[in-house]
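The following block contains the structure, expressed as structure tokens.
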Amino acid sequence: MGTSMVSQPVARIDQGYKKLVCVLAFTRVPGLSAATTLTLYPLGRPAKEMAPAGSKKGILERLDAGEIVIGDGGFVFALEKRGYVKAGPWTPEAAAEHPEAVRQLHREFLRAGSNVMQTFTFYASDDKLENRGNAVCFTGAQVNEAACDLAREVANEGDALVAGGVSQTPSYLSCKSETEVKAIFKKQMDVFVKKNVDFLIAEYFEHVEEAEWAVHVLKETGKPVAASLCIGPMGDMHGVTPGECAIRLVKAGADIVGVNCHFDPKTCVETVAMMKAAVEKAGLKAHFMVQPLAYHTPDCGCQGFIDLPEFPFALEPRVLTRWDMQHYAREAYNAGIRFIGGCCGFEPYHIRAVVEELAPERGILPEGSQKHGPWGSGLEMHTKPWVRARARRDYWEKLKPASGRPLCPSMSTPDSWGVTKGHPDLMQQREATTEDQLRPLFAKSESKC
Amino acid sequence: MGTSMVSQPVARIDQGYKKLVCVLAFTRVPGLSAATTLTLYPLGRPAKEMAPAGSKKGILERLDAGEIVIGDGGFVFALEKRGYVKAGPWTPEAAAEHPEAVRQLHREFLRAGSNVMQTFTFYASDDKLENRGNAVCFTGAQVNEAACDLAREVANEGDALVAGGVSQTPSYLSCKSETEVKAIFKKQMDVFVKKNVDFLIAEYFEHVEEAEWAVHVLKETGKPVAASLCIGPMGDMHGVTPGECAIRLVKAGADIVGVNCHFDPKTCVETVAMMKAAVEKAGLKAHFMVQPLAYHTPDCGCQGFIDLPEFPFALEPRVLTRWDMQHYAREAYNAGIRFIGGCCGFEPYHIRAVVEELAPERGILPEGSQKHGPWGSGLEMHTKPWVRARARRDYWEKLKPASGRPLCPSMSTPDSWGVTKGHPDLMQQREATTEDQLRPLFAKSESKC
Amino acid sequence: MGTSMVSQPVARIDQGYKKLVCVLAFTRVPGLSAATTLTLYPLGRPAKEMAPAGSKKGILERLDAGEIVIGDGGFVFALEKRGYVKAGPWTPEAAAEHPEAVRQLHREFLRAGSNVMQTFTFYASDDKLENRGNAVCFTGAQVNEAACDLAREVANEGDALVAGGVSQTPSYLSCKSETEVKAIFKKQMDVFVKKNVDFLIAEYFEHVEEAEWAVHVLKETGKPVAASLCIGPMGDMHGVTPGECAIRLVKAGADIVGVNCHFDPKTCVETVAMMKAAVEKAGLKAHFMVQPLAYHTPDCGCQGFIDLPEFPFALEPRVLTRWDMQHYAREAYNAGIRFIGGCCGFEPYHIRAVVEELAPERGILPEGSQKHGPWGSGLEMHTKPWVRARARRDYWEKLKPASGRPLCPSMSTPDSWGVTKGHPDLMQQREATTEDQLRPLFAKSESKC
Amino acid sequence: MGTSMVSQPVARIDQGYKKLVCVLAFTRVPGLSAATTLTLYPLGRPAKEMAPAGSKKGILERLDAGEIVIGDGGFVFALEKRGYVKAGPWTPEAAAEHPEAVRQLHREFLRAGSNVMQTFTFYASDDKLENRGNAVCFTGAQVNEAACDLAREVANEGDALVAGGVSQTPSYLSCKSETEVKAIFKKQMDVFVKKNVDFLIAEYFEHVEEAEWAVHVLKETGKPVAASLCIGPMGDMHGVTPGECAIRLVKAGADIVGVNCHFDPKTCVETVAMMKAAVEKAGLKAHFMVQPLAYHTPDCGCQGFIDLPEFPFALEPRVLTRWDMQHYAREAYNAGIRFIGGCCGFEPYHIRAVVEELAPERGILPEGSQKHGPWGSGLEMHTKPWVRARARRDYWEKLKPASGRPLCPSMSTPDSWGVTKGHPDLMQQREATTEDQLRPLFAKSESKC
């Protein structure tokens, strides 16, 4: 990959980048002039120029230095659409089963400008894999190891770090003890240590208590630890406010705190802003991260997009455009968040949009921007004159895109069954739900329509 | 790819497929019982069991036998989102520049059940590549050859054919002569002959006259030829009706006629139905194909989605769900169309939905369906009970998905500048449009808001 | 009414009208300057200055002279909302039962600028009144006579004509003979002759055949006859095209032809334009009228708003604004239609908007415009500065009003049971539908959801 | 009016009412059976059976007895549409200028079931009338006296009380002193005392301080006093919470407190619920009232519908249906509110819907319900079978009405200039805003689009 890119004539790239710089200079950043930014944008550097693994600047070094760190996008949803993940169980056996597909997605995010390759280990705990009947072919260790190898391989093709990730467990929902739940995290952590990831993320936790347990376990490695809940402004599933959650996670040892998944960028940025205010008010210190959905979710309740009737198979109309993403990146930056990425629904072009929005601050454009004119400027080369007339920021920034769905509403009434950990409905089982178990669920669902 | 799949325990697959069969039996096809279909669904066969290239059943053999042939999805838009194609020029240099990305997308469509691998040669004519400044690194021949090799490589991993494709040229729009335009097609055709593709497609033509010229050239190869216009019920850009277009293409020698791109499935099926009626009324014989957009476009005028204000960077809200696609597949089948695929916006999961809808008729499910429970049945394994309550056809078929965009309308007013081939505004130039050329376009566009 | 108005200081009115003229001069009418129109706008003249009844210029004199004639709005729907008409039977017994309410509505339309007071005799045929159980208290003759008196009383307060109206009958739908149906019209006509209305309108006919019969009867009076169908571009319920319908009505003797009700202004203007083109192509001569709904109905099939799921109790979101009405008036005028009014949903302010839009052409503003600043200019006197900022045409003309209903779609799927005259489902009965009769209807309706 | 009604055959009415009772019995009220309610519904009694003015049960007697009191609807907006009020100044000179129009609207609300006739004296303070240039023809006293006479005349035709109303003043907004503002209220109060209204309402106040001053003045009469703010859950324009506002108003002497105007029913009920909770928590005692808009306003900020871009000339798509109103009535009742009416946008049929929803609790149906079948039952007599299929509660209750506006969004971005009393932009002037003053307002408004 690096090779073919390097072989491209420098002259053409340079010319392209001057163009980019000019266009990007018309951004919202006050005081920025074309002159000052003209020389700032190097390409994503190819692999062979990279420092060897481990010798890169660490996540905390970057954040402490005030740098903006770009996360990656959502693997589970992207690979479901590509045919490698099954919606429902959502398990990541593809890391072992179809490594070429996972590797390709890592590469696309790297090209888009991601600085973090998260191991594709979401729901890769043994209890989850067993719970969903996917452990027949691959052990949890196999999946976790394969995921680490893929992330490292691609990270080394650019300036990216590898982050090992753990997420909430069926064991916690089924009211297992702290000891039992921590043992689950420990098993994944052993792989991360063996594979020497650069830092760790405990993410997608609905209950701050379980996230604290995860942080306790991860801190034992000595590596930097990020903790990210999947909550909104209403707080965790037991009603703990975002501010209180953040304080508890920082006290548990997290270096970086924030939220991911479950809500749209606007809601997530608002939630992290609440966390930041509380942490600072408490006299604590932390970095902040945000990795929201790429779906508009103005109609969500406390449990996020899981409750939306469209979840997970009819979310298409809600997907953010690249321009929505630039708005998000700016809002996150303005809120003081410096680890900015995405979760479910984020495709490579969404991450690229985040990176392009923050190009004036970061002085860098990703390799993938060679295939993208900022604010639609690539349309200058379109066949039709009226499409060339759209080659400008003003056009895209003001556009309110139509849904093409005149029979559909703009918002939904979310399900809100109001159950969480501790409620019998949420006890998890190893087997697929039987028809006898499904029938009352179907009935309950229909009676609410 | 084939290997890892084959190594999966047969028992699990069988069990999964019994389940699939049961669920699929609840389809709209009258008279179908679970019993009759239970044994009908083999997996997509792995590469080593495949007949050698060239020995597969040809496209016309399949269609003549009444088989349903599944096309692939849209490469240009999918690869734009993955970071390998630049919107505006839309040229396919990635086939040579980033083969791993193109190969991966081919594979995903194969896994989804596509029977046709179209060479990624859209807009790969020399005049287009030069016209858009992308020929610096790769010649047209290089791109076309690389694209053929990739399509063949993946086609051989399954039961798919390779189709070489040509599309409309800037030369025609710029009023070049029939001889000049045909020479362009000839250059691409030479590659297709050298690489021995299985059949040829002349697609994405707005003017039936240019499509006729393409068919003339392609027919010289002796291979089967398909001709597909990017028109809707209002006909081609010079006002020739769909029926008349189809008759002219059949008379020019096309074995298969139809439409692709520019309009949504509903509109495209309606247009091909008009073609079919006219061809039959004229006493001619042909097969019919449809490869629509994956975007809802109820508000388009005669030039299709190009005219929509959202084209090409804000089409997200219009993306069809997998359930919309099942509806499309059924409608296309009911209209008597037997070559059914997709164009811009079609992701692998969209093609899989088409294949799953037609599983009762075809007796086959693709490899990719191992990662998809029909009609949402995979949700039976979801953590939350209210999401398990969505594991049923009735739920997804009736759902009207919300846009999550309460500030956006459901339809747009398309641009309609009313210019086409012959109008000075449509003369193409090799260079990117200059700022001086853009300014009046911007002004014209704004005055119409 | 006239008196209190006349007592207002002339100075203030003049000043107001100068203002109006200035604002109105910024209209779409090319070549119009403030200077030329400054003196053209007299007030609606009070009753005592009016010529005695009968001595006014007749409807054909006005139309032949090229004048624009303004119709009134919809009585049935307006009085239903005011509590005097029952939705379902829709009969006009209020003319006898609550004359003060009917008189007040006539006055409001007169103030708004209507030149025609239609007698409130919609569905006032004896067969309809009996059919719906409303004839117990008042005979058809009583209702028709009372309606004529009220229309005449108010017409004499201004420069308006009285039009007696007949509409389609249950007898026709129930397949009664031409003789029987004509006898029904004859009974109403006898009242109109006795009360000496100025002209006659046969309106709200779904089948051109029945309208022809009505014209035959009405022509016997020697008074001018207008014939208006409730059809759209798809023609009457038996599939006769608008053009053919118009030709048949002109040949039957109608002086004025057009459409009313069932569709929105855009659709109705389009339909009358088709009628006009056909009549002119046939070498015939007629005037044209349009009296559409005040509801947006882009989603209607051939039977119009009756088929919309929202009919008749949830049409609120579809009501046109006054600015929509100005657009309608201009479109109707540009299409060459000179009798321009409204039907169901038209409130007095809608008619006033039509009159204000055409003020430049007609040189007249209605009395009611004293209570309305053109294009929102009255807001100059609003308390809040940001509302004063809306006191301009540009603001209101471009506004796309939000529905405030994020859970609702923008279009509906209309019922389309596909039955019309001749189908047993449409045989009318005198009694209210019984529960036994309703049950299968409810079931049929629900199975289509 | 009473006479013609009384002359109707009792048999028919009784039969109709039995029907109504049956249908109404299918309501949400648990434990209600057709048998228990069958005899409960008397008609609105005609005038001659009424007790003489002054001898009716007073407002507090009714509320203390636990009765539900039904308010009337919005005069200003209804009469604007009928052509008697000018949007912008919104002054009520029609009471003197066109008494027949005001009388008719009172009657319609009485027929719809209103128990309160509010004098049409909104913005009838001298400073407002002068401020808007409408005092030339009529003095404030003339307008106020005429309004009292009209309200009394119609109230005596049924069982309704007359409420004299004062509302916020330009003087307060222009920072006049407490003494000056109170003098304004005093002048209107003198008329109300002279005309002996039954009770007083201080309504449409954005600042609780001004409302307190109004209550102080009105309390001097010894009549019952209601105080109603035009605020939402965010509180008054100076940020005082609804609860605190309510407590201050009760302490100032108000017997009834609540909100009116500015927000939709849902928001208003929520706000009054906050008031009620605070008053009760403070150990105080009061009755509660709610008179919301008839427009859906989910997108409002703290200043309500004034800020919506659609205010006041494009609110049509937001109008509530009668079914929305039944939902509102039930919600208000469930929240413990017993004075339930409407404000801007409420037409007579809206009030009737409120009364019909609460018929099971109140044992009364209004005269106007003779012209309305509950839950659409009148459609049983419709011509078309598919419309008869809509004659049921289930149909209308579940319907999500379409807007018919596919180019419009469902929500707006409200203006939020963030200025209130004390800000120079809000100083009121007697003259209409000049063009020089308007220009910067237009510019400010456009720059925010």
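Labels A, B, C and D are assigned to the chains in the order they are written; within every chain, residues are numbered from 1.
By our rule, a contact is a pair of C-beta atoms (placed from the backbone, for glycine too) under 8 Å apart; a residue touches a chain by one contact, two chains touch by 3 or more.
Chain by chain, the UniProt names read as follows: A, B, C, D = Betaine--homocysteine S-methyltransferase 1.
What you see is a predicted model; the values in this text were computed from it and never measured.
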Remotest chain, subunit C as reference, centres from CA atoms: A
Pair exhibiting more inter-chain C-beta contacts, B-C or A-B: A-B
Euclidean distance of C-alpha centroids - subunit B vs subunit C, Å: 50
Distance from subunit D to subunit B - Cα centre to Cα centre, in angstrom: 58
Whole-Å separation of chain centres (CA-atom averages), subunit A against subunit B: 30
Multi-partner residues of subunit A (at least 2 other chains): 299, 400, 405-412
Subunit A residues touching subunit C - in the complex, by the definition given at the top: 299, 405-413
Contact footprint of subunit C on subunit B as seen in their complex: 400, 406, 409-411
Residues on subunit D engaged by subunit C in the complex (per definition of touch): 1, 4, 7-9, 12, 80-89, 97-98, 100-101, 104, 107-108, 111-112, 132-133, 136-137, 170, 173, 264, 295-299, 306-323, 347-349, 352, 368, 370-373, 376-392, 395-396, 399-412, 415, 417, 419, 425-426, 428, 432-433, 437-438, 441-442, 444-445
